[in-house]
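Inspection log for the structure reproduced underneath, given as structure tokens.
Labels run A, B, C and D following the written order; every chain starts at residue 1.
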Amino acid sequence: MMDIRIGLIGAGWMGKSHTNSFVNALLLFGPESGKPVFELVSDVSEEAAKIAVEKLGYRRYTSDWKDVVTDPNVDVVDIATPNFLHYEIAKAALENGKHVYCEKPLTLSAGESQELAELAKEKGVVNYVGFNNVMNPATHYIKELITSGKLGDIMRFSGTYDQDMLLDEALPITWRHINKFSGSGALGDLGSHLLSVSQYLLGDMENVNALAKTFIKERPKSEGSSEMAEVENEDLITVLANYENGAVGNISSSRVATGRKNYLSYEIQGTKGSVHYSLERLNEVNVYFHSDEEVDRGYRTVYLGPEHRGFNAFNPAQGIGIGFNDIKILEVHELLSAVTNGTPYICDFAFGAKVDRTINAVLESAKEGKWVSLKKAVEA
Amino acid sequence: MMDIRIGLIGAGWMGKSHTNSFVNALLLFGPESGKPVFELVSDVSEEAAKIAVEKLGYRRYTSDWKDVVTDPNVDVVDIATPNFLHYEIAKAALENGKHVYCEKPLTLSAGESQELAELAKEKGVVNYVGFNNVMNPATHYIKELITSGKLGDIMRFSGTYDQDMLLDEALPITWRHINKFSGSGALGDLGSHLLSVSQYLLGDMENVNALAKTFIKERPKSEGSSEMAEVENEDLITVLANYENGAVGNISSSRVATGRKNYLSYEIQGTKGSVHYSLERLNEVNVYFHSDEEVDRGYRTVYLGPEHRGFNAFNPAQGIGIGFNDIKILEVHELLSAVTNGTPYICDFAFGAKVDRTINAVLESAKEGKWVSLKKAVEA
Amino acid sequence: MMDIRIGLIGAGWMGKSHTNSFVNALLLFGPESGKPVFELVSDVSEEAAKIAVEKLGYRRYTSDWKDVVTDPNVDVVDIATPNFLHYEIAKAALENGKHVYCEKPLTLSAGESQELAELAKEKGVVNYVGFNNVMNPATHYIKELITSGKLGDIMRFSGTYDQDMLLDEALPITWRHINKFSGSGALGDLGSHLLSVSQYLLGDMENVNALAKTFIKERPKSEGSSEMAEVENEDLITVLANYENGAVGNISSSRVATGRKNYLSYEIQGTKGSVHYSLERLNEVNVYFHSDEEVDRGYRTVYLGPEHRGFNAFNPAQGIGIGFNDIKILEVHELLSAVTNGTPYICDFAFGAKVDRTINAVLESAKEGKWVSLKKAVEA
Amino acid sequence: MMDIRIGLIGAGWMGKSHTNSFVNALLLFGPESGKPVFELVSDVSEEAAKIAVEKLGYRRYTSDWKDVVTDPNVDVVDIATPNFLHYEIAKAALENGKHVYCEKPLTLSAGESQELAELAKEKGVVNYVGFNNVMNPATHYIKELITSGKLGDIMRFSGTYDQDMLLDEALPITWRHINKFSGSGALGDLGSHLLSVSQYLLGDMENVNALAKTFIKERPKSEGSSEMAEVENEDLITVLANYENGAVGNISSSRVATGRKNYLSYEIQGTKGSVHYSLERLNEVNVYFHSDEEVDRGYRTVYLGPEHRGFNAFNPAQGIGIGFNDIKILEVHELLSAVTNGTPYICDFAFGAKVDRTINAVLESAKEGKWVSLKKAVEA
């Protein structure tokens, strides 16, 4: 049993979510994987930081994130800031020898992410990116279907991550629409989640070809304002891809996808079987085996259960569904376990850099209107 | 190749449907199962009978059904009249040694149906009741799942046949609401279809216990009229049952089931597997095998295909769906084949009498508010 | 902000679940609804109680539940023991003026439950039964559909709670199979959840008529043993009911329902609309409005979201699903809020007594093979 | 009432399907739309042609299709031959002033299709391509959703047509795999159906960008043979597109899509509503309206019914599903009606030429690895 002292940077919604997840990881997995201690919290708003002490139980607060990355009593720097600050903070934390837990995306540029991945490796610390969908028990189950050979050779990954939360054109401009803060639109915000899942399940892509579109080209500067500001990035993106393993990829994302609420949905077709999944039905995986007797053959609706990695921390039986927040608990548990016991983990900075490399290539392709090799992207 | 001369009684919607089905049976199965010849048609409306000659291709017409049952050039008497006439016509047709094809229900009383069944047996003619849902390839597939033992011992049959076509209380009274014409309400009209499927799949019931309810107690005498007439029978019925094979039954039907369109839906649970099905998704059978590996276990969505009896008359591959009318074609093909080649068939008058026996017992139970044995019902 | 000192009785799986829920209620709702303090825990196993101090964070422990109900520093007695102990403990707690939070079912007899309800009323304390499915945001949404009149007059409640966890006949006998511990079989264990939902949504029943069946009549005395013990109660039960509001009920439950995992599923049909729901798809409510334009009319698949009571404690948007455990958090929050702020709550002991009254009537009906009035049941 | 004398070319499976459809069109719609007369049939196999006379009811036969296109007693030339013969036959039929009914695809080249379209226009005859999916009542309903403005401005068309019928690599080479007979692989065979639906619903594309892949690169020359032949065309294709109306397209097709049987599936997202559909559930259209009250908002599952164009020829009520073959009946009815009454129809040769133009552009894009404008394609 080991105390793991958390230094949280960013006391907003995501910071609260991280903290709650740490509490629950302890409740569900016990102190064997490390006992989180809420040592220090920072926020640009001193007031917000103060509230985090009161409400989330942090011992101390500061309004300067630099205090966190240099604090001798902090073991893990937990970065829950706006995306554009990730690089600078993560770099400073690594340089101070801290373990780093960074929300997705790692940075806004493949090059910077690669730099952080190399620095983390050099420092030998835990370096974890919060791609929570990778830790979904459904994702692990699908990974197992692939690695066991039950699906045969993978021919195709086809998916989309669609939401309609930005459908209303009266919604004002936010950081999501301005590239220096967000890097990109639907792709970085939503599509990156699907890319992380694809990266985990099928590995690297060779090249990509993308089409991006902005339907709502300007938005009010603020709620109700008649002054308009330009939307700098895509509402919708669709991507063709070749994977290194020979599969064909087709990945999309829209933030104006009328009717879709949290539709991270994909299908994987292999020579022996197939699987399709949607996050809107988090607890169901649909799997097909070509080897089933023909008369009885069809997609099986498999409910997540104790047979699927991660599930039994929450519920004792199939069909007693987990929720989206439970996946974040599995994520911080994996992080804690890595810090405490040196166990392997999936979404390290090198993984995050690969996702960012794909994002960069996709954006370049959409801009240039042509195929872009990922090898080239990594050098960018 | 043998000519089978049809004498149709009742030239309305159902008579047209039968005729079209005969034409298609010939197109799809060829003359080997008998070539239907449209010899004679009768209708109380001479005009309607005349039109049937012109439009449906019958050779001759009459306004007296007695001409049909005695006509020496008629091989099969096809009864598509209102239900309350079935008994008299079928009896006369049998007495004249005709093969008889009668729409469901056979009669309005278990005793009369039993009498017809015995008479038909004595005469040695084909005697066929048009319970079309029995001839659904999905039903055959489910029957095969049971008889093969794949589902183990059957523990439970639970189903409902719901429609909302009579939801609107402004719809006027019709024969459906008056017992001397209909025998009963939702039970005879819709529920009997589910009972026929249950009879085929699980066999006889031992006893039943029912609750019936009429929500719309009176309806306009005619469209828009302010004079009201009493609705004599149930809008909704729910039945508990014990099957002779030890299974528990739960069968319902409503004609005011808001939102349900053609929801003949049931589930069968056995010790080794289960199946559920809804006619609203005609081409899908959901089947579960307990013997599947636990990690991959779930209901399989099996699309009907050439592996399932009857399907390949229509389409060459799974997922290319058949329609509801196609099932009626399978029914008349089975009838033609029985006449021509003496092949066995499922829904003979004895079968129809069993369904009517169940209906009688259910109605008695609902009236008396107690369990009713089916043995007693057959003597009624 | 008020400290609410919990005295937990029963440190097993359910006790842990309650405790985690209290922690999360504080995290999500803040201390305004009361701050749970884990004062005292008891378990017949002193070892288990001790572990609860270490792992769950209770201050003190005891092996005698009587210490808890009399402890001056305990505000809420939390009963998470086997069911047959509920009555005695709850009674003692009430007599000591404690607030009581009791897992479902309240007791094993309608009479005892009624007695507790009256005692609780007399004492003026919070008295809460843990029927968690009532606190599902989906249930609240459906309740709102009914009370707003959107569904019109309710005609029918039809549902089942099916699981297949006891399908394997090699599983040994447990307390679930022995009536002095469980009161009944599938009905009390699973069906009572559905009854609680029905009680909340439609109110009281007038009378019931039930059919119960035990398929696996004996089980090994212990795992692998060849000595067998009798299974005393039903594997499957099906119930007909009349509600006081005029609706017809049809409620079932099976613990050997092959293929069903957590299938608490029901449909409510009203004169203006209908709704159907299954707990296996916790975050989806299917609702139909007859007033929709006919050409576009169909069941709507509505994902739970911030518009639905309770949801937004967990997630900011539709489609980001909650999990089954999150519902328990809503339950303990309602309890805490009642203690702290005197807010109203749904599942009080009078509510629990009504569910137990229904259970008693159903069991009597199944035994006697006839309709049983609920008025009679309450006097039993 | 007018006799329409059919001259069928190609007496195989498709020719039989056409003939049966003509018979049923007459049964269902009556002679007002023209009475088909089966005048003449040709097949390269004289034996097959002879059998068509006996079984399908044609009056005369020939083994030379040229006899059909020149026969003075033939009104409509019905082309049901292998695809590569369409151009030559259709051209000759048009030159002889015949109405022409040609199975999809019109030809194997956009240029030839365009030539036929112009010739047909010049001749003033009915010129109909058998894109049956366009005549699906579901497609008409979706078209109406778009044109009525209920979906707002269309932003996206995303779909795939997947089957797994060619998954088995032991299946021998056929005409489908050889370009001079098929023109292309999955694209022409399956994808063209989806393109026809897209053409009808959204109109023309501006440009396309495609990725094609052949997974099974060679197949046995004949069943069981160890000699192998090259598969010349794609198993899977994925396409990005810009529509002229501003929407983004993403269209795919695979003939080795493990688990998918007849998965012609697509989603259309507009600024006010969305719709998704799959041919595997032929009778269900899922439609979402953003204007629905938020608390009750979700995709509606609308069953096809009499409200939807074409449906009521078959069944009187929603939920009584039509089958895939019924759609072909609607197609030949539209054809007959055009010949008899001069009514407008959708899939004329100009329409077919547009689909072929798209196919050409997609194939060029896949080959060249870059965006291809459809304007350029039409000149090719």
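Observations, loosely collected:
Everything below uses one rule, namely that a residue touches a chain if its C-beta (ideal position, glycine included) is under 8 Å from a C-beta of that chain, and two chains touch if they have at least 3 such contacts.
All figures in this text were calculated on a predicted structure; none of them were measured in a lab.
Shared contact partners of chain A and chain B are C, D. When every chain is reduced to the mean of its CA atoms, the largest separation from chain D belongs to C. Measuring from the averaged C-alpha position of chain A to that of chain D gives a distance of 42 Å. Averaging C-alpha coordinates per chain places the centre of chain A 36 Å away from that of chain C. Counting partner chains per residue, chain D shows two or more touched chains at residues 260, 298-299, 303.
On chain A, the positions that touch chain B within their shared complex are 141, 144-145, 150, 287, 289, 292, 294-303, 307-308. Only residues 152, 155-156, 158, 160, 164, 167, 209-211, 213, 215, 235-236, 238, 240, 242, 248, 250, 252, 254, 256-260, 269-274, 288, 290, 299, 369-371 of chain A touch chain D when the two sit together in their complex.
Interface residues of chain B facing chain D in the complex, by the touch rule stated above, are 13, 19-20, 23-24, 27-28, 30, 55, 163, 165, 260-263, 279-284, 303, 305, 314-326.
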